[in-house]
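Same chain, two partners: subunit A is paired with subunit B first, then with subunit C.
Right, the complex of A and B next:
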C-alpha cells in the first residue's frame, strides 16, 4: 500500500521503495558486469547502450507522439558523419557529439514539416524517402563519406587505467543513463503530456492549446537528436564510418526495436534495443536467418502482445504481486 | 461590452448551408443556451468559435479582438475552452493527466525545466487540478485510465479539462446528454456553480429543454442554420417558429 502525502512524493522518479531496490540492484549489476562477464558480453552490452539512446528517441516519436518515421537511418548517418568530420577537424568529442545531435535534430525539423499535413502511412512513406535519399547522398559523395576507405575517427583513449573494453563500457553506460533520465523527465513533464495528447486525439490537443506545429516538430527534433547522438557514439566506438552502415535495413531495425520493446515505454525501448542487438548475435551462425527471426517475432508480438516485451514484463509483475494468491 | 460577439456568421459545406447569418452576443458572466433540433448548426457554431472550422463569412469578436483565422490553440490561449459532444479525451492517459493537459496553456514553456525535472510549476498546476477533482467529485478515478472510466465520469473529465484552462468563455456541447437522471441533476447543479466559482461565461448547447431553460439567462434557437428566436427561455419556447421546428406543423 502506498499513500501519497505530497506532490513531491508523487513526482518522484521512482516512487515505490521496492522498485527502488530493484532498479538499484540492476544498475549495480551493470556497474559490476565488467568484473565477471566475458569480453563479448561486455562489448555487446556496450552496443546495447548505444542503441538504447536511439531507440528511446525513436519511441518518443512513434510511441509517444504517434508519428511514424521510417527514416531513422538518415538521421543516424547525418549524426555519425557530422561527428566524424568534426572529430577530424580536431574538435573534442563532447562538442562533436553535441554537433552530431544538433545536425540530426535540424534535419529532423525539416523532415517533420510533412508531418503537419501527412498522417500514418503517408508520413511513413515520406520519411522512408528521406532515409533512402540520405543514404544515396552519402554513398555517392566521397567528400561526405570519406571515400572508398571510409571515414576514420580517432577513438577515445582509456583513462583511470581501465582497459579499452571496460572504459568504453562505462563511458557508454553513463551516456545511456543520462539520456534515459532525460527521456523520463521529458515524458513526465508538460512536453510529454502534449506529445501523448497529439497521439491520442490531435483535434482535442489543439483545442486545449497545444500548438500542433510546434510540438510535432519538437518531437521530430528531439527524436532525431537522440538518433544523431546514437550515430556519433557508434562512430566513436567503431573508429570508422562508411555509408553502408546506414542502409534502409538500419531504419527497419530501429523500428523493430520500438515495436518489439513496447510502444510508449522507456523500459521497453531498452529491452527492444537489447533484442535487436542480441538476436543477430544468437543467430550469427545463420546470418541469413536474422531477418526471418525479426519478421516472425514482429508477427508474434503484434498478435499476442501488442504492448511488446514491456507489456509482457508488466503482466508478469502484476501476476507475481499477488503470488501465490491467484 | 459583450464578451463574445458573433455577427453575420455563415458557413456552408458543399450545397448545405450549415449556418446562415447568425448573430448573437454573450455578456460577461452570462449563461446563454443554444437550442435547436438535430442538424440545426449548433455544433458547427462551436467549431467556428473554437477555430476548428473557418467560417465563410461573418465576424467573431472575443474580448474586442477578432478570432477569425486564428488556430484552435491560439484561441485557447485567448481564453476560450470547449467540450465535445462525442467526448474527445486522451484515452490512454489517467484522469489526472487529462486534467493537467487542461493546464498546458498556463505552463511557462521551457524545455530546460522539463529536462532537469524542475517541478515547482508542475506542483502549482497540480494543486489547481486537485481543486477541480474535488469540485467534480473525481477523487475515486484520479489515477484511472480514462478509457476505463464509465461514460458519466468521462463527461465530467471532459468538463474538468476545460475548467482547468480557467477560460473566460466555456463552450459546453451537450454536457448532459447520455447521462442518468441523477447525473443530469448533478451536472446541472455544477454548471450553475461554475459561473460563480470560476467567473466564467457559458455558452451551452443542450437538447434537454427543461434543464437548458432552467440554467440559461437567455436562450437562442437555431433551425437549419438560421437563428429563429432569441430572448428569455420562456419567450423562446413560446415562439411559434421554435414550436414548429421542434414539433412540426399540424
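Right, the complex of A and C next:
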C-alpha cells in the first residue's frame, strides 16, 4: 500500500520510480514481441488485447460499480454486427468502431434502466434475459445476421510494410493501450469514485450527492461501449461474423475473466483476459475440459482468493517488498 | 378454435416441465437467497446418469430412481463441500451465486467429456408418436405423461411443504434463519434437503424432457432458462408462483409460437423476464420484495 499525501499523487498512474521501470520494460517487451516470438504467440496476444478491452469494461460495471451483468454476449453481438453492417456500407473503420461502441452503449443504457429498480440477483437475471434475447434475435433474423454465410467484413490492409500478423498485433496493442489508459483515468476521476461509492453503499452515495440514476446508467453505458468495441474489433480481426459467436457461453467467458482476474482492478482484467484465452489454447486437446478448468478456478478463487489473480499478484509483491520482514 | 385448444394443451405439457424446474429454483432462492445457476447442469448430469443406466439394461424405474438420487446427492454434496466452506469465509451473496455458476461449468465439461457431445435419443417407456384424441384435440402419450407427472410431483411437493414437520422446518428456515436456529431446527440439514429436493425435481423434469428434445450436454440450457423465466414470472419467493408461472409461460409460448412467429417462440420467454422485472419485480404471486432499490 502506498501512502498518498495529496490529490495530485492520487491522479498519478505510477507512483514509484521502480514501478515506472517495470511497466516501461513490460510495454517494451510487448512492443518487441513480434521480433522473437513464434506466430501463434503473436496471434494469441492479439486475441488477449481484444479481450482485455471488453473485460475492462465489464470490470468497470461488475467490479467497480457492483452491478452484476450476464448480458455481455448481447452487447458483443450488437457491437460486432453494427460494425459489420457499417463497414459493408463502406464506412471507414474508425467511425464504424465508434458506431459499434455507441450502439452497444445505447442498449447498455436501456438495459441499465432495470438496474435503477433491481439489485443483485434480479439484475443478473434481467441482463441474462437480454443477452439471450439478443442472440436469438440475431440467430433468427437473416437481415440482421447477414444470412447463412455470416456477415463478411473487409479486413484491415497492413501498412508500413508489416506482415498482416504483426500489423494486427500492433494495431490491437495500440487500441488496448488506449482503452487501458482510459480505464485508469475513469477510475481515478470523479466518475470512478462515484462508481465505487455506489458499489459500497448506494444509499450513502446518494446522500453524499452522487446522482444514482446518472451514474448507474453511465456505468452500463461505458461498460457496454467497451464490450461493443470488443465485438467490433473481433469482427475486424476475423473478417466475418455469425450469431453463434455470441451465445450464452460467451457471456460466461467474459464474466469468468472478470472474476478470475480480480474484481475492481485493471491489471486483473488483463490477467483475466489472458486466462480465458490461454486456457482453451493449453487444453486444445481436451476441448470439453475447458469449462471444468474455468469452473474449478472459479471455486478456488472465490473460496481462497476473492480478489482473484490480481490479489495473489499483489500479495506476492507485498511479500517481496517487505522481505524479510512480514 | 380447435387450434387454440391444441396450443393450450401442448403448452400445458411443456409448462409442467418448466414448473418443475422453476419449483427447484424458487425453493433454493427462498431458502438460501441463491440463484442456482448450476440447476440446469445438475439436471443434465442426472439425465445422463439415467441414460447410462438404461444402457446397462436396468429397468426404467430403477434407472430413473437412481438418477434422481444421484442429482439430489450431487446438489447436497455441493452444498456441504463448497457452499458451507464459502459461507464460513463470509462469501457474499453474489459470490455464492458465482460459485453455483462455477459448479455449472464443471458439470457441463464433465458431462461433455464422459457423455460425448453428439446428440443421442433417449429410450423412454412413453412414446411421442402414440397419440390420443380428445374431442378435436390431439395429445401424445408423452405429453400426457409429462403433464401427469408434473402435476403429481407438484402435489406431493405441496403436501411435503405444507403438511409435514420437515416442511414446517423448511418454511421456518426460509422465513427467518436465525430464529429457526434458535428454535432448535437443524437449519443446515434442512437447507441441504432443500438443495437435494430441488435437484430431484430438476432431474425429474430432465428425464421427461430428454425423449422430446434428444439428449446432448446442452439440452437443458433452454428449459433451465425458461424455468428461470417462469420462476421470475411467478415470483422467485413463491412456490405456488413457480408452478403458475411455469404453466403460464408454457401456454403463452405455445400460443406465441402458433399465432405470432415460430422463429421467435424462444425469445418470448426472455422478453417476459425483462418485462416482468421492469413492471412488477416481485412477480405474479410473490409478496415480499425487500431488495427494491
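Just so we're on the same page, the second predicted complex is superposed on the first by the 313 of 326 C-alpha atoms of A that agree within 3 Å, B and C clash if a C-alpha of one lies under 4 Å from a C-alpha of the other, contacts with A are read in each partner's own complex, and residues count from 1 in each chain.
Convention: a contact is a pair of C-beta atoms (placed from the backbone, for glycine too) under 8 Å apart; a residue touches a chain by one contact, two chains touch by 3 or more.
These numbers were taken from a predicted model, which means no experiment stands behind them.
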Superposed on subunit A, are subunit B and subunit C clashing or fitting side by side?
fit
Considering only the touch criterion stated at the top, classify A:209 as touching first (subunit B), second (subunit C), both, or neither.
first
Mind telling me which of the two, subunit B or subunit C, contacts the most residues of subunit A?
C
Partner chain in contact with A:194 - subunit B first, subunit C second, else both or neither:
first
In the superposed arrangement, which partner chain does A:31 touch: subunit B (first), subunit C (second), both, or neither?
neither
Quick check on the superposed pair: does A:298 touch subunit B, subunit C, both, or neither? Answer first, second, both or neither.
second
What is the contact status of A:185 with respect to subunit B (first) and subunit C (second): first, second, both, or neither?
first
Let me test your reading of the model: by the given contact rule, A:95 touches which partner, first (subunit B), second (subunit C), both or neither?
neither
Could you tell me if A:132 is touching subunit B, subunit C, both of them or neither one (first, second, both, neither)?
second
Subunit B versus subunit C - smallest C-alpha distance in the overlay, whole Å
11
Jot down the residues of subunit A that show up as touching in both complexes, subunit B in one and subunit C in the other.
none
Flag every residue of subunit C that touches subunit A in the complex, lowest number first.
29, 33-35, 82, 85-86, 89, 91, 93-95, 97-99, 101-110, 112-113, 117, 221, 225, 228-229, 232, 236, 263-264, 266-267, 269-271, 273-274, 277-278, 281, 291-293
In the complex of these two chains, what residues of subunit B are touching subunit A?
50-52, 71-74, 76-77, 81-82, 84, 88-93, 97, 100-105, 107, 109, 111, 113-117, 119, 122-123, 126-127, 161-162, 165
In the complex of these two chains, what residues of subunit A are touching subunit B?
7-8, 10-11, 13, 182, 185-186, 188-194, 196-197, 199-201, 203-212, 218, 264
In the complex formed with subunit C, which residues of subunit A make contact?
68, 113-114, 116-122, 124-126, 128-130, 132-133, 136-137, 140, 202, 248, 252, 255-256, 259, 286, 288-299, 302-303, 306
